[in-house]
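Letters A, B, C, D and E mark the chains as written, and numbering starts fresh at 1 in each.
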Amino acid sequence: MTWLPKKVSRKVGLQPGSLIHIGEQKVERTRINLINYGATEYHEREVAFVEECFHFRAPETVTWIDITGLHDTSVIEKVGTQFKIHPLMLEDILNTGLRPKVEFFEHYILISMKMLYYNNAEDEIISEQVSMVFGKDFVITFQEREGDVFNPVRERIKKNVPRTRLLGPDYLVYSLMDAVVDQYFLVLERIGEKIEDLEDSLVEKPGPESLQTIHDLKRGLLYIRRAAYPLREAVGNLQLHESPLVNEFTYFYLRDLQDHAVQVADTVETFREMASGLLDIYLSGISHRMNEIMKVLTMIATIFIPLGFLAGVYGMNFDTSISPLNMPELEMKFGYIIFWMISISTALGMIWYFRKKHWL
Amino acid sequence: MTWLPKKVSRKVGLQPGSLIHIGEQKVERTRINLINYGATEYHEREVAFVEECFHFRAPETVTWIDITGLHDTSVIEKVGTQFKIHPLMLEDILNTGLRPKVEFFEHYILISMKMLYYNNAEDEIISEQVSMVFGKDFVITFQEREGDVFNPVRERIKKNVPRTRLLGPDYLVYSLMDAVVDQYFLVLERIGEKIEDLEDSLVEKPGPESLQTIHDLKRGLLYIRRAAYPLREAVGNLQLHESPLVNEFTYFYLRDLQDHAVQVADTVETFREMASGLLDIYLSGISHRMNEIMKVLTMIATIFIPLGFLAGVYGMNFDTSISPLNMPELEMKFGYIIFWMISISTALGMIWYFRKKHWL
Amino acid sequence: MTWLPKKVSRKVGLQPGSLIHIGEQKVERTRINLINYGATEYHEREVAFVEECFHFRAPETVTWIDITGLHDTSVIEKVGTQFKIHPLMLEDILNTGLRPKVEFFEHYILISMKMLYYNNAEDEIISEQVSMVFGKDFVITFQEREGDVFNPVRERIKKNVPRTRLLGPDYLVYSLMDAVVDQYFLVLERIGEKIEDLEDSLVEKPGPESLQTIHDLKRGLLYIRRAAYPLREAVGNLQLHESPLVNEFTYFYLRDLQDHAVQVADTVETFREMASGLLDIYLSGISHRMNEIMKVLTMIATIFIPLGFLAGVYGMNFDTSISPLNMPELEMKFGYIIFWMISISTALGMIWYFRKKHWL
Amino acid sequence: MTWLPKKVSRKVGLQPGSLIHIGEQKVERTRINLINYGATEYHEREVAFVEECFHFRAPETVTWIDITGLHDTSVIEKVGTQFKIHPLMLEDILNTGLRPKVEFFEHYILISMKMLYYNNAEDEIISEQVSMVFGKDFVITFQEREGDVFNPVRERIKKNVPRTRLLGPDYLVYSLMDAVVDQYFLVLERIGEKIEDLEDSLVEKPGPESLQTIHDLKRGLLYIRRAAYPLREAVGNLQLHESPLVNEFTYFYLRDLQDHAVQVADTVETFREMASGLLDIYLSGISHRMNEIMKVLTMIATIFIPLGFLAGVYGMNFDTSISPLNMPELEMKFGYIIFWMISISTALGMIWYFRKKHWL
Amino acid sequence: MTWLPKKVSRKVGLQPGSLIHIGEQKVERTRINLINYGATEYHEREVAFVEECFHFRAPETVTWIDITGLHDTSVIEKVGTQFKIHPLMLEDILNTGLRPKVEFFEHYILISMKMLYYNNAEDEIISEQVSMVFGKDFVITFQEREGDVFNPVRERIKKNVPRTRLLGPDYLVYSLMDAVVDQYFLVLERIGEKIEDLEDSLVEKPGPESLQTIHDLKRGLLYIRRAAYPLREAVGNLQLHESPLVNEFTYFYLRDLQDHAVQVADTVETFREMASGLLDIYLSGISHRMNEIMKVLTMIATIFIPLGFLAGVYGMNFDTSISPLNMPELEMKFGYIIFWMISISTALGMIWYFRKKHWL
């Protein structure tokens, strides 16, 4: 769930640019999927060795190599050598704790971002690093685990939906980024529902499990924010930096993507404030219940402790035969009746007093 | 009430630029209202098919097409084709969860904003997305539901109030935006009254329903802020971007509108701080009442528990006949009187002590 | 006290630039005061009709028209026509909920700001809108209510204090603004005293009325901030915008005024933090008192409830004649003495324990 | 301790530039100390009248006039006339509530800053305004009270430490500013110690006096911040503004001074956060103790109140002779023993329960 | 652990540029280690006197002098003279309370940063100042204590790992900085683990020691932030300032380092928010437990205090022989049975009531 620093220790002391996979291994074996398409052609297959992809590169087609699983650094290294990617960039692709960013080079651009899904079974947010490198005629994507987020894009290329095949790698990359950002909205949609559920349940029955939910919510929002803010920044950089690798035409789409990234960030902020508001409700709910409990205790004690004292008085064994001053009430004809009348009227007086003070 | 991400799921995986209405359907059928006016002419009618409007376009008149209801995407599509609006912009018009913004094109400008009303019946803020597209000779407005916010503007055009008819689409758009922003002030006016009511009621009788009101207030302010901040930004962009579609003359009015948007944002901030202040009052009110309750309990217990013990002592059955050391008080002549004197003076001493400690 | 949106409803739907007074009427009738002065001449009188002022305009003198009371819009309109002030600006002058600002035009500058006084009788901050329009040879000031803030400036002109008469309308406007800002310091001085009083009283006797005072304080500071921040900005704009209506010489004074505005804003921030600190003290004071109360209750209960049980035991009526096992203590010679010794030593033990735990 | 607005009232209504001392008089009489030095000469003495200093001005020497005590405005006025200092600047020198700042003029620069010391006797921070005016051949310093902060600088000039005498007034001013900023570090050092002391004492014995200390600490930090932030800004301005009065050589030292000012501001922020952390500890310490107290009360009450009831039952006087159903226990042989066994086992059961719940 | 102002007092009053070591002495004697390397040569040894290093300087080799221990200022002074380092810079190297920064000079650059380790034995963060000065052909590093952070870099040079020997001092400095920043990640990794541990333990058994841990955590994060933010800034400056001492090639690596510094700062922020969240959980955990305790007390008291009163009533000694009105219940056949039935049904009623109120 987190991409907080973990297992960094494995890398400390190595030369910068050393290829080490930082993060857990999330798939059993590296899967390489190749799609090569142009205005008129379309070719898709899974390859066993990444070298099989290289000869597909041609100026008039877009070669999209989709690599799933980062633990086999030799694959990454071969790709790096073939496409002349800087070793520090390969290191970044392998470091799954990386902050989303964009790096510009003369013949390629690297985009690194976080993919977020909501795992309904475990009720938690899952994150994964997605890196994309693209140049004049190729796109290479690196994912940590199997997933179907890129499938709709693949489908659109396959079906030759207008625009998709004619446009270059930059538009493909935009489409993939757009697919990733759409997932953010799904996660936020889910969180929005949880907030509304929580609002209702807090009113009905606040308990420590609500607190846990609020805490999980806040933590989840913290993670999304950690992904969304740098993403917004990265898309902004992509727009500002006038790279020849990005077409005039695509800039317009990037602006739209930027709007989405801003909206994600905005919504995260709003949700964070709402979660804080829920915490306030929870805390003052606890205080309020405490007041209610104390009122009950105080009313019972205030009514019965004095009466208990009175009953105790008439249970005393002062010797009435020695002096008529000793507990003459005990020998009065209506003594017991009067005792009850005092008791009941005291109790009623108390209840009236509590009512006046709005305790009842 | 919210435009938090909802039903986004419907759109995930589609190609960017696909026309899908995101949001609830709020009117039964799409209503299209046409106003065509110029220095000397005025023409208004409701049309059944949007195509009827298109032939009204003329250089010397302003054609205002007001479309209410977004679920019929074919209408939007026809408008888009006629006025050559980019598919991504049409997508934005249909996405009612959009963040307010302005987009500039060579021959038109798109403005998207939130309209806010206060629904007194339900005691809640209602929001709706309003999009406006305008060019050299036309204005198209898209609303989600029926409403009379634009009526005063319509009336002014009809009555040929000075300035309104002579000026172009940019001034009409400004007038409509101004009408929308005026609604913000009405909502804030209502919230201001609620805050004042709350301040009074918190002093008199704080309860969990006050907390709920504060929470609703904070949430409402969160929504207004989500609408007002990007609006301020959007109006700012409209001013800065020197589009030939906006007259020199209109810029001055836009500056005024900008002032209003800034004031809305300012007031929201002030109200938010006031709502936080109310929460503080509520919480310390709860604590204070707890103190009061505890004082009552403590006073009663402190006075009567020791006395109860004393009464218990003289209810013991030690055998006085065995030894004169066993409970000689019971056989004293003034034993009972002394018991009461001790009891009453202890009670009075306690009361004096509580008074000294400012508990009474 | 507030200039939160109020009675805005009156204006919604009107054409922008319509002259409507927004706010309460604070004086019975509009009073117009005219001062016309130059290097050698000085003329002051109250006029009944604003038209009487207009013929005083002359290039070598400064004509200062001071209008008190905004409800008579016809006066404002006449002034607007005479001095060619834009209708939107007149609307701003009449809208007493306006955010302080400066607007630059070719032949005049509008400055709108808030005047603050401390009403000692009611113990509240009073605010009023002051607008100033000045050009090459005139200054027009608009106030909501009668007041003597401008009197010292008037006096200085009358007495021909060096500099005042020779300098132009810009210096007069600076002097008036300086007089207004000086009032802010007086209000802050008063608030500073209240904070110090509160600090002392919170230590001595915290109560719900302290909370109310803190709340009022925070609210007051919120209002001052709402006036001071935009003012700082407005004075900054006045400095940056190189208007030919402002002399080189005056800029230096404006920088000084800017320093003052910054200091007001700074002090407001400091006071706000101090008020938050007071709230913390108050809240933890309440918690502390609760602890004290609970300690008293707990000590009394802990000492006497067990003893009460013991006394209860020896008040039981088990039949001692049936078996020597039944309550033999009652027939012991020193039974009662031992009972008291146990009771007293238990009580002393408890007290020792509480002392060790620092409860006493 | 504060330089919050005080006695501003004295000045309201006066013409800008009027010389009035705002603040308390802190020394009995104004003391004027003159140091005139150059590469080869050094002259120091206290003068009675400021005019005595003026003829020392010479192009090849630096004339440093150190004035202590601001209440005698005639001295300030004479200095102003001699060195052609703008009246508004003289007003600033006299206004001890001024925000630290730098003002640039053609032939002189004014620097106004706050000096802070820690008064160990009173355990409080003392602040004082120090203003410095310097030109090509002179430095004039204005202090509110006697102090020895500038002595080390004086000593270095006297002893002709390398560099000090050869460099101009700008380096002297830098040295004096450096001496002032060093005092800030001393004050922060003292506050750091107090924070550490407090951390220890909060763990051992939290009480209302800890709260007072935290409050004082926060307030003190607020004051330091009010001095340090504008100072940082002022030193920054001094660096950026390329005045011919400041040598290339000195700029480097100013950068160093700037670093120090930034570090002061940083440390203040860190200390503020630590003070907030202490408050959190204090508050949750109170809550924790309350829990402890309540546990004691609840345990005692839970054990003895039911037992008390039981004892009460067997103290009832139902007539056993009427029916064998009436309190047969009283006539059982082992009644009393069984009573005690029930009592003790109930008590032990409760204790076991509390232990399980981690209350004991 | 801290580099808050300490022992600054030692320096106050000295001339700027005086060499005084500020901070504790952390090693017994100053150790000087020399590495001289070029494309083909490598020379390493520990020297007793720093002068031995100076003749190794040669244009084609890099001379790296690593000095551990700052208390012997004469060593620093000799280095300063030999490499013509400005006295203020030497002062900065010796002042271990310095804020991380970069200073540019014509023939050298000074970098000052904080090294952080986690001392597992003491469970605390240890910080140390590291300064680096480098020019065309030399690198000098100053450390406070012995450590092995630089060893991997040393090893890489020794083993002639590609790139390391061919590149100049700027790349060596980059490698050292990278090694330092890697340590930050290790510390954050450790803190991340502590936060997760705390989250678990807070749910299981919250206690005052959790609060202490949270406080220590927050404090530790405060320190890391104090190191990381200025570091980020410093690396940024190093990149922006186009010094001829830094190769084009190295800039790329600096950008990578900058990314790491930003990520450290980001993670610190995230951890700080998580720590605040933990505090919220802790505080509401305390409140919740209080509620639980109060419920127990209230239930016991509410059930048994009224019953105790009832038992007390039938322990009263009203004389039944005087009047049949006096306590006739005592002489009823089923009196005692009825008493128990009332008692038990009251208790059951209360329990039912508590269940309905969700107290049980």
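Note that contacts are C-beta pairs under 8 Å (C-beta built on N, C-alpha and C of every residue); 3 or more make two chains touch, one makes a residue touch a chain.
Computed from a predicted model, the values in this text were never measured in an experiment.
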If a chain touches chain A and chain C alike, it appears here: B
Rotation in the CA alignment of chain D with chain E, degrees, nearest 5: 70
Chain copies touching (chain B, chain C) - same or different residues, decided at half shared: different
Inter-centroid spacing, chain E versus chain C (mean Cα positions, whole Å): 41
Chain centre separation in whole Å, for chain D relative to chain C (CA means): 25
Per-residue overlap in chain D, given as positions that touch at least 2 other chains: 283, 287, 290, 294, 297, 301, 305, 308, 312, 315-317, 327
Overall pattern in which the protein chains touch one another (line/ring/star/complete/other): ring
Running round the ring (origin chain C, first step to chain D), the chains in order: C, D, E, A, B
For the chain A and chain B complex, residues of the former touching the latter: 151-152, 156, 161, 163-164, 174-175, 178-179, 182-183, 185-186, 188-189, 192, 203, 252-253, 255-256, 259, 262-263, 266-267, 270-271, 273-274, 277, 280-281, 283-285, 287-288, 290-291, 294-295, 297-298, 301-302, 305-306, 308-309, 312-313, 315-319, 322-323, 325-327, 358-359
Complex contact set, residues of chain D against chain C: 2, 4-9, 11-16, 86, 88, 92, 97-99, 101, 103, 205, 208, 211-212, 215, 218-219, 222, 226, 230, 279, 282-283, 286-287, 289-290, 293-294, 296-297, 300-301, 304-305, 307-308, 311-312, 314-317, 327, 329-337, 339
